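The structures come next, written out as structure tokens.
Below are two complexes that have chain A in common, paired first with chain B and then with chain C.
Now for the complex of A and B:
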């Protein structure tokens, strides 16, 4: 059941036109550079600096509570990080130039055409997250590093290799974009098969070849489509559609890739660790996570890695094996493991939503303070600089989080059942696993 | 190049320049004639800058902010009220100095184990005369006291001395004992021995003589002075010496870790009754060598120091009228 949004000419022309997107890019790039600048030269006090407050409270809230669940990769469509690099790579900001600039345009190595590197970059950021989240200078360094890396990779490699293979944020947005009720798909695959020149992938005078290195004709899930709308502009057959669809439509086709399965574990585990470290009452754990480079921090790192890459996958593996034994299945365990990890996608997303509700509602009042006085220089741009910290919706928080977590569990159970039918394996052990981790998360948050 | 491409490039460049340059320009413009001071815990660098210049009669505009925890800002030997310096917030103060000299600004909040090291100086020049005024040396120097030497009490009371009880025998006292000079130059235990040796007081018991000592000590202070001393002690001294003077303040353990010594225990008669007000003045003015006791000379006025000293002796003497 799908409803094509691009059948409305207003929507279609708005999406095809480059100017609205460019304005979005400019606003986001300005905000991004402003965040870097405030981080470097503003107050080092995290909760009074625009950099940390804007990125880790305001942007994060919008991303995880609205953008990802409802628009999938909608954020990637206006993310400013690729803009400077693409300008150099393409030699233009708007339409393709008549003469292509000479660049290396190397292809990304085949062995790295997966999201293992994104798993690694996200894990790296996660290990330093307590410092990154609270220290404006470190936030600025991370943002600047992402920008420079994206520019460097655009000069050396073709398309958006940074976004597709390295960006720590892009990896999990792609994973959870599968649950979004919006998708970009072709209307008729047969048209793509017979299309000459495949301008959606290779580019034409009307637009660039897919920056995400995806052939739209083969799209079956949202994970790697950045919603940049280039294919909508280049398709000579008007065969690209933006559809509204039911939530989690992509999860009906379970993944068989281990890198994607591990992304699900990393995200699920990181949400649990963050809930314990950032919201829990354990002061020693908090200070160990914060004391980068100390023995205590190395202990925290080892525990973090062991939990995400060891304990969680091992327990899940046992659950999957048990399901295989119960079903007397001969399907390779690796495939079943990766397929059932799809059930962790809605669960992980809801873990992040529940965690973020707590984090964001507790700290949202800092947004008003930091927007009025972004550098901590004593400005009062919107008259809200003198507001004091106060948490919002404290009474509604616990019921809301419970609802989200239980909802996530039910969604995960339904997905596990679907996957079970697909691979013909008993899903009950995986459902028990989901229940157990949900109980732990409930205990950590409530 | 197409016009649309030129326009888009201009828009991107303008957006970037606008967002980067406007805040810097505004900050530069606003910062004219203002000295911005950042407070950090002493372990992270203390005040920055820690040295500024000012002119007599010319208002000095300061913008204060903390880069870590809550600090307090005060200028020693001035009547500027204490200002809270909150993390990430700016507090503006304007001060006008009416005489030249070197002023010390310091933190008034117990921000960390080395809190007292958070100090900076303001060099104030100009005015009617830049020549330093002649200053008389402090009493402990005039008396040639070795303030680093141990000063155990020669005698200690068997019960807590009372100024109120001592007042009953005040008529028997020679007026020379009640002078400020006598009080400041003698420790209570020296005073006790002097009184004990006085034939006019031979009929008094030892506790009665101690009560007279307490009376002499009270007579040389005022209730207002002791109240002021108590307020300043609570703000500046109790972090190490403890609210009740027991040498057990919140930083006592870290002082011990740094120096191997605990802060002085004013509730111990054997220690405090062996110290004269002049000796305590020296310790407060100059600090204690190797003990972790900071110097307060540039911060407190002389009378303020005497008020604190007057209050310190109340840890030993009872029934002092407040």
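Now for the complex of A and C:
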């Protein structure tokens, strides 16, 4: 049930050629720098400033509604954040230079070779998100900080350590990329075994060794492949393929990693918190989330952390434990906890889609306004600055969200059953967990 | 994945049940339409009261008072809106003929959290929510019934 896209020579040469990608990079980098600039010097009013409107409404909508569900890490293939650092690290913008620049090229410490740091950076951003989301200057600071951190890490460490281990959005893009209907894989593992020098990992004159520190020959899921296309360029045996495949194909082999399991809880819980705080009618909650540093905000932080790192995982653990008792399985619950958390991957993605639909559709009209008046100074570059705010599709929203959430639940049920079969434990308690959180989400959004 | 006869039967059954949940007419309590007036205070970034409950067919009047800066009120689904200068009371009247739950939100940029200044208008029972809950329960149950359980569980 795979269909190779790279068998079409047009597709393949477009992906192999560095120029189309460079073009995409430059457009994105320009937009990114523009967003930093407008954020710093434009109006402090969030919904009238290009930075906040384009990053949190336009980019976010494209990322969560299109890029991740359909192209997995497709966004990372054109993301501007790691570029300047990567260019410095490589000493080149296109093909590898004849003389390698001397950099430190340190290896990332083994203890940190997981996504716990990303769980931490995402949680940090999430705790301040109400401010980041609505304050152009803070958005600009966050964007600039990511850019500088990525440059610094590229100079000190080898490959893309920022993307692999620190980027706050990388963790969930990777997690949800598993559901995407595209993948990059080798065509024949046998060819890799006999391949001399493994240029896909070590680099060659044709391209760089995998920037994401992945050995393409061992790829079984989308999580850590940034779709940068280097291996397509370096493999001398034409052994790399981009395939079209069924949705969620990676979820058939459940993860056993606790860092990835917690990523699933963080994302699921954050979607629920945001649905309640940002889209609910409770004004005190909103001001608590916004008033960073106050007692109310600390209360919000404690509740947020307790919900995501305490309540959700604890209930889930009970469900897994119950399943284990029901199946008279003697595999300890902690061994299968992470495996069952795979069932929360499609569910969490659909929670985010449902939340974002509401947020994006009601605020999308700001995009046209900010496009013409990026600084909020009264410009009218494209004649759209005078448009009035107007929410879109308000009557279709509830049916759409229902479809998305119920579909996500069904998908989660299927995944839980597959995991159950794999680890030989009754999945029904986990399914009940998925159902309960879905009911809560429905109650918050509808 | 090849589906057995039994599974096809379940799928059709679940489909019918789903259609029933979505389209079945629900018994509605019919209250005689009346005049409802609410005084709603708007301040950065909340409405008070934030949840208004009315019956279908009611004529709803919202008297909007702003206590700090200029705020507005726009009712999703109805498209009715009004804006109020600080200290001023303005009123908005419409007939709540669509049952369901609707967000109302500020339509005048009033500060940082403006896009999240939201309240709720509840017209009768929120039938869409109950239908959605029904669909979610159906999805979970039919998912369990449809697909084979783990081998060990069968053996027990």
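Operating definition for what follows: the second predicted complex is superposed on the first by the 446 of 446 C-alpha atoms of A that agree within 3 Å, B and C clash if a C-alpha of one lies under 4 Å from a C-alpha of the other, contacts with A are read in each partner's own complex, and residues count from 1 in each chain.
Here, a contact is a pair of C-beta atoms (placed from the backbone, for glycine too) under 8 Å apart; a residue touches a chain by one contact, two chains touch by 3 or more.
Quantities reported herein were computed from a predicted structural model and do not represent experimental measurements.
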Chain B versus chain C as contact partner of A:255, first or second or both or neither:
neither
Touch check for A:94: first (chain B), second (chain C), both, or neither?
first
Looking at A:426 after the superposition, I want to know if it touches chain B, chain C, both of them or none. Which is it: first, second, both, neither?
second
Of the two partner chains, chain B (first) and chain C (second), which one does A:178 touch, if any: first, second, both, or neither?
neither
By the touch definition at the top of the document, which applies to A:234: first (chain B), second (chain C), both, or neither?
neither
Once the two complexes are aligned on chain A, which partner has more residues of chain A within touching range, chain B or chain C?
C
Is A:48 touching the first partner chain B, the second partner chain C, both, or neither of them?
both
Could you look at A:435 and tell me whether it touches chain B, chain C, both or neither (first, second, both, neither)?
second
So which positions on chain A get touched by both chain B and chain C?
45, 47-48
Note: in the complex, chain A contacts chain C through residues 45-48, 130-131, 134-135, 278-284, 286-287, 290, 326-329, 362-363, 366, 389, 391, 394-395, 397-399, 402, 405-406, 409-410, 413-414, 417, 420-421, 424-428, 431-432, 434-435, 438-439, 442-443, 446
Residue set of chain A touching chain B in the complex reads 18, 22, 25-27, 29-31, 33-34, 37, 43-45, 47-49, 83, 87, 92-95, 97, 373-378
Which positions of chain B touch chain A when the two form their complex?
1-2, 4-5, 8-9, 11-12, 15-16, 18-20, 23, 27, 30, 63, 65-68, 87-90, 92
Contact set on chain C toward chain A in their complex
45-48, 50-51, 74, 76-77, 79, 100-101, 103, 105, 107, 109, 111-120, 126, 128-129, 131-133, 135-137, 139-140, 143-144, 147-153, 156
